[in-house]
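Paired with chain B in one complex and with chain C in the other, chain A is shared by the two complexes that follow.
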Partner chain A sequence: MSSALRDRTGEVLLPGDEFSFDTDDTISLTGPVKPEKVVCGPGLRRSGDRLLVCKSGVLRHKPPNMFWMDSQQRRYVPAKGETIIGIVTVKSGDVFKVDFGGSEQASLSYLAFEGATKRNRPNVQVGDLVFSQFLLANQDMEPELVCVDSSGRANGMGVFGGGGLLFTVSLGLVRRLLTPHSEILSDLKQLFPCELVMGMNGRLWVKSCSLQQTLVISNLLQSCDTMTAQQRRELFRRVAQGAL
Partner chain B sequence: VSCSGTLRRGTWGSLESNQQPCASQHTFSNPCATTTRSNGEKLCSLEDCIEGTGVYPRHGYIYSSLAGYVLKKNEGGQLPVISVVRETETQLLPNVGAIVTCKVTSINPRFAKVHILYVGSTPLKDRFKGTIRKEDVRATEKDKVETYKSFRLGDIVLAKVISLGDVQSNYLLTTAENELGVVVAHSEAGAQMVPISWCEMQCPRTHSKEFRKVARVQPEYLQA
Partner chain C sequence: MKETLLSNCERDFLLQAIAEKKRLDGRQTYDYRKMKITFGTDYGCCFVDLGKTRVMAQVSCELVAPKESRPNEGIMFFNIELSPMASPTFEQGRQSELSVKLNRQLERCLRNSKCIDTESLCVVSGEKVWKIRVDVHVLNHDGNLMDVASIAAITALCHFRRPDVSIQGDEVTVVSPKEKWDERYPSSDHVFFLSFCRTYLLVDPCEREERVMDGLLMIAMNKHREICSIQSSGGIMLLKEQVMRCSKIASVKVSEITELLIKALENDKKARKEGGRCGFAESMPQERITALKFEETSVEMTDVAERASDVVQGAEAPPLMVPSPVVPVPGVGQVGLGLQNTWGLEEEDDDEEEEAEECANRGEEGEEKVTKMEVERHKKDASREGQFT
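Up next, the complex of A and B:
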């Protein structure tokens, strides 16, 4: 079955497409038969002896045996450990309520900042942008955010903002930007110097030297979502020549 | 119900339980459980009967705590048991130490809220509310408990009552024993899961494992 999956890697699949375990009719009688293990990532689900596709998208494969569906989605579902950009909405007692674009607001304790004690409260106001990660995220309970990692250090998280622009893109684009050697980011580096914060909930924050450059970068990133690599390089080249 | 014995009334010379009520004692027969008693009425003294349900002892006498009928049963001990019941049949209430079957209705990092469905093996007519605190889930490593890894919404849990609570709070329950915990749980795919250890259950359809605090049910109670 993993051969059937590998054949269809890169194809667009829809929910309801299935792969069954018994397509390998010919098993060699002479050579050793190893039971092949297939690891299902997001978008694939095992149901009895079949593998079902749950999300529409492109089937991706990572050797040796990891398969998942790459889907375009704008609605963010919180997961533990992911870093997001949130907006503080309510400041009540010891807890801030943060809106991250999910179905409910997450709670952020005022002690979850670096160097925060009961006497030394962090300077967080309603409307501030926070870059934080999920401590607790599941479907039955209210999500919890923290701005420190497990060792107690901020590691780049905390309140930021002022002078930049916050906009939303699809989740797939953010994941592409966060890959180790992202092409989009390397192309962007050659254009303008800018400060970029990427939240896995689909929110990006950009700050550049001037307002015009900030707007140009935000427009470029939003349009990168639906372009092929070729079209994107073409567009970046035009911008670098000063057409926009 | 055997209605033997008589209802004796003593005078109210003193309120100390160790002193005998003095003076005359009227004795009259008591027809079976037809006299109604209202709340707070004094029934008899502690030397005559042992208190049952619906009554409470105070200052050496037995008072009724419900409005209903008086029932006197001879259990075979030295003194008969007196209790007050309402008009309908006896309602079984969860007592401290009773094993109850409940369903999880909401979870929280600090506690889980449940609806109590059965007391022992009798179903309840009303749903009582209970709370299982985070520190009452397990007997060992209480501070490392995560409620999301012990219970989920809709799980059926066997628990023991440790406190009746006040007016506003619910029954306080505990699952800190091997035989208590999750009995029936459904996976995210919707199939009923099979327990594989005291802290994990597996879905038969998707073969994914989920964390629960699983009860060790005695083999004679399991149906094949």
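Up next, the complex of A and C:
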């Protein structure tokens, strides 16, 4: 089956397409046979001995055996371990309620900040932006956020943001920006120096030297969502020429 | 669903941007977003887009008995629907404050301004009159609903064809709508949204700007520059001059929008006469992405350029002297290639320059060589500094 999957990597698949064991998959009787293992990522689901596609998109593959569907959406569904940008809405007793764009608000305990104790409370106000990660993200329970990693260090998380602009983009764009050698980011670096926080819930926060540059960068990022690489490079070049 | 809280960071940024007369999508403070008017296949159905705000209006009519107090006049009925399709904050079936406000404003503006002559809607006095019903559905909410709703209502009314009626004794027969143009061309009314944030005035706010605004001034004006209604809400104190200025802005915009409206109606009439296909489906572009798309906006780049020139100006002025030409061979001259150093003072000054560069101190003096190289070095310094922030 993994050969069938590999053949169709890069194709656009629709929900309902399935992969099953072919009857003429030959198994060698003489040599040692290793059971082939396929790791299904988001968008693929196993039912019985078939593999079903449940989201429309492009099939991607990461060797040795990981497959997933690369799809586009704007609505965020919380997943454990993902870092997001949230807005604090309610401050009640020991717990903050944070809105991250999902179906309900997540809870963030005041002790989940670096160096926070019962006496030493973190300085968080209603309306502040927090960069945090999901500790618990089930579909049946209220999601929980923390601003420390497992060793108790902040690692870049916590309250932030004075003077920048928050805007929303599609989830696919954020994932593209977060890849290790993102082209978009390297193109952007050559334009203006800026500070950029990327939340996987589709929210981006940007701050640059002047208000004008911040507006330019936010408009650029919002518009390069649906552009091909060529169009995007053309656009960035036009902006660079206009600026300098 | 309750509205998501606007974070402090966004609010501060928006207010600061407005104070510097900059808007999120690169418009000027008195600019409207791009407006697009399309018509459906039926008479009386129109769609109006203003940026991302999208509204549909449909006009229909029926024969009813008139009101007791006014047996000679027809009836007009307006309705604005806010469905959850427009925004997650709108709830189905619930009359929210916003919907009541919009309905009241639309009714007041269109009914009291007498843009439609109700007496001509009468068929048989005291017995049968036309009841014209305008339904406005908001399809997407990105700010400035009132404006778009009123433009859609007026355009739909202009586009509508009332059926012909023939009366024989007591019988009234209705004939299907023909080419008879609705005689009472409604004098176009437009409502203008002018929002105030602290002491700054913005025209056509988008949704985020609406959330930051303090107060609102709505002016309804027709194309003869007569004000039909003014409403101010939000408790802002306005001076007389400010109100005059707003009405002047409104009159300019009215003429622009009326032109657009008339042109759209003409185009549609021409398309129908030629028998070409018309309607909503035709106006959608084929094989193009329609979601997640950003219209081309002209973002102002002038300030950004200033910073670069500031950097250049902060450096020492380049020498006014033109390097003298080098003559390698009689008859051939070489000017300013940058390879030859025409200054007499050599090595020690060179070292000084290297140090100055490494400290990234543009203000320090160094001996300049050639104009071009100097500017390049400063740009390199600026970009290097930029990367370290």
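FYI, the second predicted complex is superposed on the first by the 229 of 244 C-alpha atoms of A that agree within 3 Å, B and C clash if a C-alpha of one lies under 4 Å from a C-alpha of the other, contacts with A are read in each partner's own complex, and residues count from 1 in each chain.
The rule we apply is simple: a contact is a pair of C-beta atoms (placed from the backbone, for glycine too) under 8 Å apart; a residue touches a chain by one contact, two chains touch by 3 or more.
The structure presented is a predicted model; accordingly, all values stated were derived computationally and were not measured.
Of the two partner chains placed around the shared chain by superposition, chain C is the only one that A:99 touches, whereas chain B remains out of contact. In the superposed model, A:67 lies in contact with neither chain B nor chain C.
Judged by the touch definition given at the top, the superposed model places A:113 against neither chain B nor chain C. Once the two structures are superposed, chain B and chain C can be ranked by residues of chain A touched, with C on top. After overlaying the two complexes on the shared chain, residue contacts for A:138 are found with chain B alone; chain C is out of touch. With both structures placed on the common chain, the touch criterion links A:46 to chain B but leaves chain C unconnected. In the superposition on chain A, A:219 makes contact with chain C only, not with chain B. Those residues of chain C whose C-beta lies close enough to touch chain A in the complex are 4-13, 16-17, 20, 22, 24-26, 289, 292-294, 297, 299-301, 303-305, 307-308, 379, 386-387, 389.
Chain contact summary for the complex, chain B toward chain A: residues 106-109, 147-148, 152-153, 189, 205-208. Interface residues of chain A, counted against chain B in their complex, comprise 45-48, 136, 138, 140-141, 144. On the chain A side of its complex with chain C, the touching residues are 72, 74, 87, 89, 99, 101, 125-129, 161-166, 170, 189, 192-193, 195, 205, 209-216, 218-219, 222-223, 225-226, 239, 242-244.
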